[in-house]
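Right, one structure below, let's go through it.
Going in written order, the chains are labelled A, B, C and D, and every chain counts its residues from 1.
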Amino acid sequence: MASETSPRPADSLLDIQRTWWDRLAFIGRLLWRDKGGMLGLFLFLLVVFSAVFAPWIAPHDPLEQVMEDSKMPPAWSVGGSWEHPLGTDTLGRDIFSRIIYGSRVSLTVGFFGVLIAGTLGMIIGAIAGYLGGRVDSVITNTVNLVLSLPYLLFVVFIAAIFGRSLLNVILIFGITDAPIFARVTRGEVLKIRESGYVESARCAGASWARIVFDHIMPNLIGPLITLATFEMSAMIFYEAGLGFLGLSVPPSVPSWGNMLAAGRQYLTSYPWIATFPGVAIMITSLGMNLLGDWLRDVLDPRLRRARK
Amino acid sequence: MKAKLLGLLAVILAVSMIVVGCAPAPTPQVVEKVVKETVVVEKPVEKTVVVEKQVVVTPTPGKPQPKGTLRFALSGEPNSLYIPATADKNADIAASQLYDPLVFQDDDGTIVPALAESWEVSKDGTEYIFHLRKGVTFHNGEPFTADDVIATWKYGMGEGSSWPDRYSIAKSVEKIDDYTVRVTTDGPKPLLLVTMHDFWSIIPNEYMEKVGLDGFQQHPIGTGPFMFVEWVKGDHITYQANPNYWREGQPRVEKVIFRFITESSTRVAALTADEIDLTKRLTAEEANQLLSVPGVKVIQYPVARIFYIAFNNLTTGKGLPTEDAKVRQAMNYAVDVDAILKSLFGGAGKRAAGFVASSELGYGVVKPFPYDPEKAKQLLAEAGYPNGFKIDMACPTGAYSHFEEVCQAVAGYLEKVGIKVNLEFMESAHYWDLEAKKELPPLFGDSWADESGEAYNRLKGALGGWDAPYSSWSDPKIDELLDAISKEVDQAKRKALYEELQVYMQENPPFIYLYEPYTFEAMRDRVMDYYPRASEMCYLNKVWLATPE
Amino acid sequence: MLRYFLIRLGQSLALMFGVLLLVFMMLRVTGDPAALMLPREASAAEIEAFRERMGFNRPIIVQFVDFLSKAVVGDFGESLHFRTPAMTLVTQRLPATVELAATGLLFAVLIGVPIGMMGGLKPGSAADSLARLLALMGQSIPNFWLAMLMILFFGVQLRWFPTFGRGAWNSVVMPAFVLGLPVMGQIVRLTRSTVLEIRSEDFVRTAYSKGLEPPVIYLKHILRNASIPIISVIGVQFGYMLGGSIYIETIFAWPGMGQLLQLAIGWRDFPLVQAIAIFTSTVVIALNLLTDLVYAIIDPRIRYGF
Amino acid sequence: MAIILEVRDLKTRFYTVDGVVHAVNGVSFDLAKGETLAIVGESGSGKSVSVMSLLRLIPMPPGRIESGQALFYGSDGPKDLLRLSQKELRDIRGGAIGFVFQDPATSLNPILTVGEQIIEIITRHLHLSRHEARERALQLLASVGIPDPEVRLGCYPFQLSGGMRQRVMIAIAIACNPQIVIADEPTTALDVTVQAQIVELFKRLRQELGMALIWITHDLGIVAGLADRVMVMYGGRPAEVALVDELYDHPLHPYTIGLLGALPRLDVDESRRLVSIRGTPPDLMIPIQHCPFAWRCDYAFPRCWEEIPPLVEVRPKHMAACFFDIERGEPRHDGN
């Protein structure tokens, strides 16, 4: 007789009975089907790749100033040269190299900003959701309070107090963004708590750590990874905004925001100086949004089904 | 989905490429006409005017009748149109058009009569008698008399004034008769007349009494060439020509509208789109762009501002190598300011020869430090630091155009002679906070402007030791010379004192002297007879429009 | 309903107190304002006198109580830079900001909701691709960058719209578009996903099984249910647009609160920054309250306290 | 008896991201006027999908009706439901054919009042004024046994109990005097005591209104006192169709036997109680060319793995799709 257990459609990636290999293959299959997600992943990996291998990809030192070559247009324009594929800025620095190195700043800000915000938010949100009661209401109200403040004010204050540095920008984003993570975590934890299976696991004698890692974490990880993707993209965006206001990383650091801010004065006569950092931000953001959309669909089986 | 998304991406990229590719390749700028007028009077003012195109000038109207609207873009909203409350150049420019002072400082720096027809100074220089112009009325019809001068002085020292010391420079202002006032000072005050020009803008006594300070701020009134019409907060201020202005044939435009545009690229766009006629404070690059725009002319001139890297011998710099004058000299030799100016400002700046700007009294006695790294190394070795040393330095961000890059460059040059600089950037407001508390590192960059035509205020402010909030340097010899200047009325002797001070400050430099910047302004080519001052001030009473709309 | 309203009102007031405390604390730790507000030539004595006058040298708790009692009546002191009551300055700027934000929001909602809805109802269709595309564009294009490109193209090249300022009717078009674009993206995304979710709810199938006409199903059954999260986002976004239009207002020289905030921060005008921060937060909190009330009107479960 | 619905060879598939689900693979049945047909099967047997397909109430896409015919003999002659225009279809939905769904908690719109949800169907099909519709709604609520209809009309679903909600659903289903009511597991989500009440209500309404009823369930037990005929479904195909007593007395398909075995019965001795069917339902993603029950069948022989057994009349008015003759205990030899 043929096999008794015929293969069944997968309900969720996080189905505990699946092996990691299964899950990976499954992700691959899903990715292949969703071309938007694939493009997103590709763009994201492209940015990560350029950040990691910046010294090998970038044709020039991003800080090297060659005044004789300043304001050179991109290679395909009249007067351009493949020596500087995207042209040079007012100080004769290679824009392509600066964009490559700029991805380091953007990703660092995005990654560590989300890491801090996510960690802080998860702890706070989990405490609120798990303990409930008065602790919950205090935390929820504080979170609402922070979220109801004009965001920019925060940022300007902190920048004013501590000055411009990469660490400060990361800290600012990490702190101001934590409430969002806290809110989502709390919601999910509440949902899980209400579903009752944590209770049953506890009755079954599962340890505290086991409950957290086997039951709460897998359910949290989906929404949080999705949120993290979107927030990371938002932070890359905000970094550019801060750069625009002259509040981002120090001016000597080649960040996309700084490049955009510096280039905006030359938009009419030397448009490439501001255009390419803008395009870089757009592509990264596009990639991460696509990736986030896809992750949300994949990690939330409810929505995945709806998309069929 | 894939095809569509890829399509989107392709479109975006293509559009960007087109935007980039279609842009005019930077054409070498053609300067058709360079007018270089060097007016040598008491103080040499160098003004270079670069005009892109020969302007077709319609003949000055025979019978002067104010015509047209001048749309003037300011880089920020004035905080007030009441002169004693003005906080910055934007407010100063907008406000000044409403009033007249007793004496006026001409474009070439001479003090000429304005609301005072003439004046006499006592022998000891402490008493001035002003004979006031008769038949002048304020915009509300109130006649101008001696009482108004007294009121201006009193209000200037009172509540709501940011500059009380500019009025208290006079010990008393007394009425002799309706058209004669006596101004007495505590000892000779050489800067009295210039200060009166800058600050003593006469306000109507009765009106002020009636409406109070708040009322006055809402609807300011003076005797000036333009009358206040409205101030739409955040958006614009409108003035109308004063038909009864005491200067014959002025003003020559009928209306002035000040628009507030913080973003300089937007000012450039607005000027290009002919939505404004005139804008100040552009960067060299923006000015460059505008050169190729038809119908726009660009001017540049040096402003009375000096950029510097300050040393500290009061707090954080105590006990450091920089207390040795040789080290400070060496650091001046080590920096190639001209190269910095060339690469960052396209040469639009002038190497500072000290702490006196080129438009100011006593300038020219010393030459700027030449770029000589060998000499710098030698001096360092003589001072006992053949291998250099380490030092902290700070610079403000968001304060001045390209100053962040300037500081990076300075640090780079210092490192070339062996001085390891640890450069830190701070947001400007926070920076100035620390500067006032004297908590900045032993090297810090900043700049200082002055409008009086002399360097005294700048010198006193930056070198006044513990008494001056933004000073981190104290030197008894400098104190002594500054004290002498503050008391000397005779112009020639003042000049000599300034010269002595500059020579001393060349040997004992309290700063790394950097540069005097040029400023760029642009206007539609119909704007005529617009002459900004080195202080970036301008008076619009003579301006006219060649083809009024 | 009344009880619900009172509870929410109480929470809002508590939140307001928190905001006041937070703003006060943040502003006082940034440094001594006295040194900065005075001209650079001011002597130490003058700075001290100023500090005395502004009350910066009193114990912090006294300053806070004083601040609080005045804040209640809307008195945030005089702007140090403009020398007029700070609150007056803010309220003068309010109409411009509200005009900009409301136009931007209107644009975002009028375009975003129908497109998002079409996308959600017919996933995979051309309308859906358009919806996803718009959502992505709205969230991927740095809006201050777009603002500059638009000024150059529509203002300088084509001369369709004024490059800056608030004047003729068409001056609001560009800034409102740029301000509304990311919000539109978000609304499209949210509407799409919500409609997608609600579309497969059982009660929608019930509605179909009743033989109702599609427009009735879409509007009465789907959109009305979907409007709950959409309204919440609109509320939040409107608050953000009121307080966060700083880039757009600065670039377009739009005489609103964002521009004022930028100025106030630049001048370190404490009373003014305070007034803007608190005013904006109040508006945001009030909007949240309003949003909750609209919820209650739409969703009976909230109205009856479930 | 006059036939009111005649379904032939209905096939429905779902084209999903994970693959094609072959949900319904050729279902045929008849329904007579006033008759009650129970469709029984495990979840995934295609029982709901096949009925919902008739009125295109499955999500489309991904769902697609591949083939088939569903003749509805309404007041104005026979119509093929599967080929009606959307507009004609909407006139039948809620009009001639009413629906009751499984979970009344989610099947009612949470933010509309009960009254609104009844009134909207009445005004849609009966073309009454709002006032008249309201009157009718009150009558309907009374007739489905809801006390205090005036008050309930203004209530929201969340303010009612589960049983009450299901009564509201039933009121909606019968609002426009339907000729057929399709009830999709209407008692599954309810308490046991309430279940019996609802079944009783259906019996009464059927009598009063003379409507035909299609009752979808996984519970053979409930069928006994309610249905006239039973269709057992497995793997998206009918396994056995018979009158209810005939089915109980002479189950012909091993699956039906399994189901009956799994049913607690009082009239059979202990040893036959609670025999569960081993294995799991088939994966509908994989198209199969043999008996779908073969994996789990104790009687499967090679032919079962080679062909799909057709539905044939084995006893009078009793059809089954099986190659094995249970009564004789050997494979059938009649060429079928």
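List of remarks:
To be clear about the criterion, a residue touches a chain if its C-beta (ideal position, glycine included) is under 8 Å from a C-beta of that chain, and two chains touch if they have at least 3 such contacts.
Please read these numbers as outputs of a predicted model, since none were measured by experiment.
Looking at chain A and chain B, the chains that touch each of them are C.
The pair with more inter-chain C-beta contacts, choosing from A-C and C-D, is A-C. Chain centres here are means of the Cα atoms, and by that rule the chain farthest away from chain C is D. Put simply, the chain closest to the centre of the protein, by Cα centroids, is C. Averaging Cα coordinates per chain places chain B and chain D 88 Å apart.
If each chain is reduced to the centroid of its CA atoms, chain A and chain D end up 49 Å from each other. One simple way to say how far apart two chains are is to compare their mean CA positions; for chain A and chain C this gives 23 Å. Separating the CA-averaged centres of chain C and chain D is a span of 52 Å. Chain D has residues 61 in contact with two or more other chains.
Across the assembly, chain A contributes 36, 160-161, 264, 267-268, 278, 282-283, 286, 290, 307 as residues in contact with two or more other chains. Shared contact sites, meaning residues of chain C that touch two or more other chains, fall at 30-31, 124, 132, 136, 148-149, 152, 156, 200, 262, 265. Against chain B, in their complex, chain C makes its touches with residues 30-32, 35-36, 38-44, 47, 81-84, 89, 92-93, 96, 124, 129, 132-133, 136-137, 148-149, 151-152, 155-156, 159, 162-167, 250-256, 259-260, 262-263, 265-268. Residues of chain C touching chain D in their complex: 124, 200-203, 205-213, 216, 220-221, 224-225, 298-301, 304, 306. The part of chain B that touches chain A in the complex is made up of residues 1-2, 5-6, 9, 12-13, 16-17, 19-21, 23-26, 264-265, 268-269, 272, 283, 285-286, 288-289, 292, 342-344, 397-398, 404-405, 408, 424-427, 429-430. Interface of chain B with chain C (complex): residues 1, 4-5, 8, 19, 76-77, 79-80, 85, 87, 160, 162-163, 165, 214, 217, 232-236, 259-263, 265-266, 269-270, 272-273, 275, 429-430, 432-433, 436-437, 448, 457, 460-461, 466-470.
Across the complex, chain C is touched by residues 36, 141-142, 144-145, 148-154, 156-157, 160-161, 233, 237, 240-241, 244-245, 260, 264, 267-268, 274, 278, 281-283, 285-286, 289-290, 293, 302-303, 305-307 of chain A.
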